[in-house]
Structures are given as structure tokens and as C-alpha cells.
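Each structure below is given as C-alpha cells.
One chain, subunit A, appears in both complexes that follow, with subunit B as partner in the first and subunit C in the second.
Up next, the complex of A and B:
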């Protein structure tokens, strides 16, 4: 392949040039970089008047907590909310996208959105990406056909359940649900059980933590209880305060390294 | 032992379809697993395609749900255009076409069962790869390995509806006893000229097999909450 004298701008579409290089690196034993997953505990349950969703509020980047109070319960429609676990970017993007599609659908049909509409839109999107969009969702809402609760997995499969948990803390939360859930819970009992399940995730799973968010959806009404419980208050605050004025830190030694600069002929920016 | 919560949702499964004199009985367990974790202990693996044709799904949950959704949609259109209920042969052929033409990308084995006025009750098996095979009875899923010998001995032509259903429930419960990827409850669907009947058999109503113990201190004994009604 001769080197082109004139640089042609790349045509649209995916450029496969780097695939051979990646394969060669893999053969040499170089580990490919892994993407950040967010540990989470998200839950949902059906109670006598509708659906209650719950989530913790910790977002992690590997071993570090990057957001101590993030929102994992996403708005889909006035009567439908969705909790997201997995890669934060994926859950945000996919719920925002389907939320917009639902609004356009509401304008076109003139009716309130149904939960299975959101379900079908989400599952077809996730299936077409064959699991690479890493979003595990708990979708809940109340529409004309009644209260609904569904779980959606990254590969596009769905389950319809009376109570559900997802995320790294799902086992701890499911243990709470399996022992205490029953049909026909009242609003207060439901909120209490959801909080207990999320707290089980917060205290027993390293990927979940901070506060409990709850969302109660009933016919014609929804209540988003942001930070309904704060079981992890900051217990130690230094009495000296946290301002560090210049001059307070002792300088032990100083070393200056000069950068090597080269003079280059011609224009700095050649288009 | 890794609890891989990011593994694709798969239905280890035991699925069965049996013809009897006058219709068919479909049966399945209810366990959906994600790696070693049971993601749904009460799933419904027998899905409706039309009023008279049902489908048992096994393998990848996502793949089988997508295939069944497409075929339900095609059959709905076909029924409108034909002006009468679709035949079981047409339904299973549609399943087979999707399975065969996408064989590199799909991982799902299915059993189609139903009743139509031309051929009566029929069972068609569509395993991995997309073969279409009409059989008097069919078994599928990971739990079916334990049932080949059982069916060779126990299946008889011309059973009654109750005999067929008892056979299916017994078979699924035997498979559940031996296969780790099958469990939960047993669901059956009976399809004949009178219509469709769905039945549900909870774990505690199933017989105990070799070396299985009576439940002791089970949650069901406690005076607390009612177990959920279906």
C-alpha cells in the first residue's frame, strides 16, 4: 500500500485497522483493559396499591467510590421508573433513550405509557447488542392494566416477578425478600421491607453503600423518596477543620529538572 | 465456585411434550439460572404462541424469548391472513426457520405443542441447530438427559389426559431431583379440542425420590406468612 501524498479523510463506518494489532498484542500476552462496573443493590416489589423500587447510592470505579450519593432510580415515564445496575454509562444511556422513545409514543398515541412498552423497547435494544451494553435493570410501574415489575438482563432476557433484586448486592437483598415478602403488603410495610433489603446489600456487599433511595408508584401518583434512609453518616469530622493554607506544609527538599526543548522548522500547525 | 452474576441468563431446564389420545400435554420446571445463582425460581417456560399452540423454551433465556416473540407476531399476522387458527405444523416451521437460519447466533432448544382440527394433537421438537422433528413425545433441556430411559419404558400410545399429565409431572420431578440446573415448581399446559388448561404443582406436592429427605423446619411449616398463591 503506497503512502498517499494527499491525506484522504476517512469514509464513514468502523475502521478495522487496529484489530490486527490488538490480536497481535493478545498473542504476546498483553491483557486488554477492563471496563468499570458499578456494584449496586437494586430491588423492586409489588404491594397492594402498586410498586415500590429501591436502590443504594454508591458508584464505584474499581476499588474507589467515585460518587457517594448517585441516583440509580431513573425516570422513564410519569408512571414508570427503572433502577439500573451494571455499567453506569450504559444504564443512564439506555434508560434516557427509552424514556424519550416513550414520550414520543405518548404524543403519537395520546395515552399513558404502559410498562410492557418500556420492557419491549429495553429488551430489544439490549438483545441487539448481545450483552455488550451492560445494563441490568429493575423496571416497575403502574398503568391501566395494573402494577407491573420486571427484571431485564444485559443479554435481553426478562422476568416478571412479584419481587426482584439485581446487582452485586442482589443475593443479600434477595435473602431479606425471600424471608419477609408476602402478597398484599401495605405501603409502610413495603417501604420498610425495601429499606431492609437495600440495607442488607449496603452492609454486606462491598460494591454497595451510602444511602437508600425509594420510589413508590401507585395508580395516578408517584413519590420519589430520595435519600429516604441515611444509615452511613460521616461520624468523624476533624475539629481542626479541613483547610490547608499555603505555607503550613513543611518543605523537606527541592529538585528542579529542566525540560529539553527542540526548535522545529516550519509552521507549528500544518493542516 | 464462582457466582458469576454477569453470565448470560440461561434456563438449564427440563422441558417435555407428550401427545395423548385427543391432545397434548406440555410440562416444564421453573428455574432460570445466572451462572450458579438462581435468578428466577418461578419462571414460566411454557409460552403461548397462539390460542391453540404453546412453546416450551430451553437454553438461553434471551434467545428463546426473542424467537418466541417474533413467531407469535408472525403467527398473529398469518392467522389474520388465513382467516382461521394456524396449524401446529406452521407454528413449528416458523420456529425452525428462525432457529436454522440464525444457528450461529442462537443457543436455544424448543418444543412446540398444540392442537388443530386437521391433525389433532402434535408435538414438534426444534433442538439446537434448527432440525424440525415430529414426535409422539419430546424431551429437552439439560434435565432431559436423565429421562431418556424413563420415557422409553413408560410412554405408551393412546394414554388418557390424566395419565399423560401424571407422566409429565413425574418425569419433570425426577429430572429436578437429579439435574442441578432444573428446579422450582412444575408447570403443565394441556391443549385439546376443548381448549387450554394450565396447571401448577408446587415443590412440596411432588413425590420424594431415592435419597431425598422430608423437609424439616421448612419455612412452609412456620406459622408466619402464607406462601404466595399463584
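Up next, the complex of A and C:
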């Protein structure tokens, strides 16, 4: 009997051990399981008092909309939020993980978390997985050094920008930003512009849809405006409602069978 | 274009050296809108050879006959071939000397048939075309792609323009735009394309066609803004980052 040596993948980084088997399976015609993607529009912009993040709320599984109202703006720290595009599991897991790491760091240092801390933790994790963790993120927050907005790509590169868009609807949203953004926007102008950009993604991109979520982060305060805009209401609702009165369906025949009940002695269930 | 590889009839596949497999010198997006008096069309003047910007004075919008404007993106040599074919078409029409002239609807249909037939022979003309015109007070604006997909609308764009310019146009286009408003709207779209399309250059032509006739503007450039404070020192909060 051969003793199978269990290969423990090296700590950190992607283990490529199963790639040859997967290729062989693909050639044999095995369909890989489809994953839930957030074909998405996510945006962020810096305004005069802080950062505003925006996202649509549609999650897709291939051509099907699997969640009409999902949450794409994830909590990282009281002063830092992160929008995620790409594979939903990846964005959830990676933002959850870094959020916990940030909290432990806050306990250790006794200070408010900084946005670049979250940035470095996210980018080093994504880089070590060489792009296989398919998470494209827009990270924004306000810390002691001021307001910051960053984009993080699945392979681990980052950008620091005054306004950013990611996801399949990013071109439509970027068209809105490039034509209308200026420095020093007020809070209301900023929210309006973010909503316009997300709506451009919702109405011009098939992977984005449903509602607009907005998150406004300023020094010492954040407002999570879930479903700030609902531009896709249900238009046709039957005013009469649905009622199925007895007699609506024609009964063709009736047969009643009585249950045979048998009493049996038994022990009580073990606690 | 004739096949000498086999003596069969119309169903012959051309040998590879005689059909377009990939484009070489390409033009990027064209954007066009209907406005109060007619059609406005804008395109930049770049001809890229792969990732090199080889030609910087390519006119990608041309008048066709008296009533139409043709803008094209994609392979420039195929655009020149299309212009040659349309020249012949207009010439033969003029030779009738019957006081009637081919309008935008007719030219659009001709282009449509031409593109679709070439696609069926697996030898496409590698272009996305925009045809706009005015005849007898009726405005006409349509687009034909290299596989023959065609439709008409109040605003059309090719290539990247579909992703970057059409969301803006869907939001801000109105039926009764004046000439100045129309040009401003087109310039807004072209500026976004200049910022975000790598093959776009800052040298544009805007063409206008109305019942009176065609005007193609002189080449000009748009003002760009790069002064965002986040661009001045992006790593201010994180020394050593990028």
C-alpha cells in the first residue's frame, strides 16, 4: 500500500497543482461551475469635504440576474469603505479579511485606520494570487492625512485618483465623470454626479442595473445611503391583486383516504 | 478580388492572400447627431498602424453626392475602396441627368448591401460606417458595421464612441439642438474620447450637412485639463507607494 504524501501548498500564494487536471477536464468537455459575478458599475470621487462612493445593485450569473438588490459597498473601517466588482465571492472575502486585519491593527495601535493601510493589505494579497482572485476594487476613505480614493486591479496594481470607475459599466460612468467633474464639489453636487454616473452604467450597460447605492465619507462621519435612488420601479402591478377563491378551479373527482394510525411503545429520545 | 484558385461559381472561398483577415491602418471612433437643421458629424484625424500613430491628417469624413456625409472608422484602405465605389455610383446617377439625385436613404441601402455581401464572402470591408444626410427636409442618420449590422437613430457612434459617447448623448440629446449646442455636445463627447481612447488624437474635424449643402470644418484641437490636485502628488499620503 503506497503511502500518499500530502502536498501542503506553500504558505501564501496560489497553488498551481490542479491546473493540469483542470485543463484535461476542459478538453474532455466538462463544464466548469459558473460563478456569480457582479457585472457592475462602481464609482468614487473626491469632493471638498471627503469621498463619495457609488455602486449599482445587480449581481449576475452569466446571462441571468441572480440578485436584484445586492450590496456592493463593503465596510472596511468606520472611516473606510470599499466598492467591489468582479467575482462576488472574491470581493466579499477579500474585503472581509482585510476589514478584520484592520480591526486587529486598530486594537494594536490604538489609532484610526488609514486608507493606505487597507490599500497595501489588499494589493499585496491580490498580487500574491497573481490575478486569480478576481476582485477589482474602488477604495475610499478619510483619515488623519486627508481624503483618499484608490482603485485596485485584480493583479494587484493600484491608482490614486480624483475620480474613478470600475466594472463593466465603467466606460459609461467614466464618460459622465470626464465631462462633468471639477475640483471642490459640494456634497450635493458630488452625490448628484455619482448618481448620474451610476445611472449611466445602469441604463447603458447590460451587466449593471436596478438601484443606486451611495456612501458619503467625511472627517469623523460616514453616511451609507442604501438604495439612494430607485430608477427601476416595478411598473405593472395588478391593482386587483391575486385571489384564488374556492370554486375558481373545477374539481373533477374527490377521494378521501384515512391514515392508519398505530400506537407503538418506545423509549424517550436520548438527550 | 477574382478567385483564380478554382473554377467553381459564386460559392468560392478566396485564397487567403486575397481577403482581409485583420485591419492594418485604422481610424478610431466617429460620432454623429441629428440637430435642428440637419446632421453633425465629428471624427479625429488619426490613422494608427497597430500601436503607432502613423498618419495624423487622415480625413475620415467625406461628402457623398449632394445630400450625404460618410464617416468611417476601421481600415483606411477599405474606406478608400468604398469611396471609389460610391464615386462610381454617384457618377452613373449624374449621367442620367434627370434632375434627381441619390439621397442618403439610397446611399445607406447601397452601403448596407455592399457590407453584407462582402461579409458573406468572408472578405469583409473592415469598417464601421456612419451615413448622414438631408433630402427634401427629411433628416437621415444611420450606421452600418462590417458584418452588415445596421440601424438608424438620432445619434450614432462607431467603436469606442459607442461605450463613451452614446451614454452622454442618450442623456443630453434633444430634438431641437441649434448648431452651436450640437457642436458643443459633440465636442464634449470627443473630449472624453480623447482622454480615454488610446488611439484618439487631439485634431478633429466637424462636418455639417443641411438642406443647403455640406461643410467640413478645418482641423482644430480641443483644450484639455490636467490640473487635478490628486495628479500633482499622488503619493503624498504614502511615501514610496505609486
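Rule of thumb we're sticking to: the second predicted complex is superposed on the first by the 201 of 271 C-alpha atoms of A that agree within 3 Å, B and C clash if a C-alpha of one lies under 4 Å from a C-alpha of the other, contacts with A are read in each partner's own complex, and residues count from 1 in each chain.
By our rule, contacts are C-beta pairs under 8 Å (C-beta built on N, C-alpha and C of every residue); 3 or more make two chains touch, one makes a residue touch a chain.
Just so it is clear, the structure is predicted and the values come from calculations on it, not from any experiment.
When the shared chain is aligned, no partner comes close enough to touch A:210: not subunit B, not subunit C. With both structures placed on the common chain, the touch criterion links A:200 to subunit C but leaves subunit B unconnected. In the superposed model, A:127 makes contact with subunit B only, not with subunit C. By the touch criterion defined above, A:158 reaches both subunit B and subunit C.
After overlaying the two complexes on the shared chain, residue contacts for A:46 are found with subunit C alone; subunit B is out of touch.
Touch criterion met: A:168 reaches subunit B, while subunit C stays clear of it. With both structures placed on the common chain, the touch criterion links A:179 to subunit B and to subunit C. Shared interface residues of subunit A (contacting subunit B in one complex, subunit C in the other): 158-159, 161-162, 171, 179, 183.
Residue ranges of subunit A in contact with subunit C, taken from their complex: 46, 114-116, 119-120, 145-146, 148-149, 158-162, 171-172, 174-176, 178-179, 183, 196, 200, 203-204.
Interface residues of subunit C facing subunit A in the complex, by the touch rule stated above, are 160, 163-168, 170-171, 188-189, 191-192, 195-196, 228-231, 234-238, 241-242. Every residue of subunit B that touches subunit A in the complex is listed here, in rising order: 3, 5-6, 8-9, 32, 34, 37, 39-40, 42-43, 60-62, 65-66, 219, 225-226, 228-229.
Within the complex formed with subunit B, the residues of subunit A that make contact are 37, 123-124, 127, 131, 134, 151, 153-159, 161-162, 168, 170-171, 179-183.
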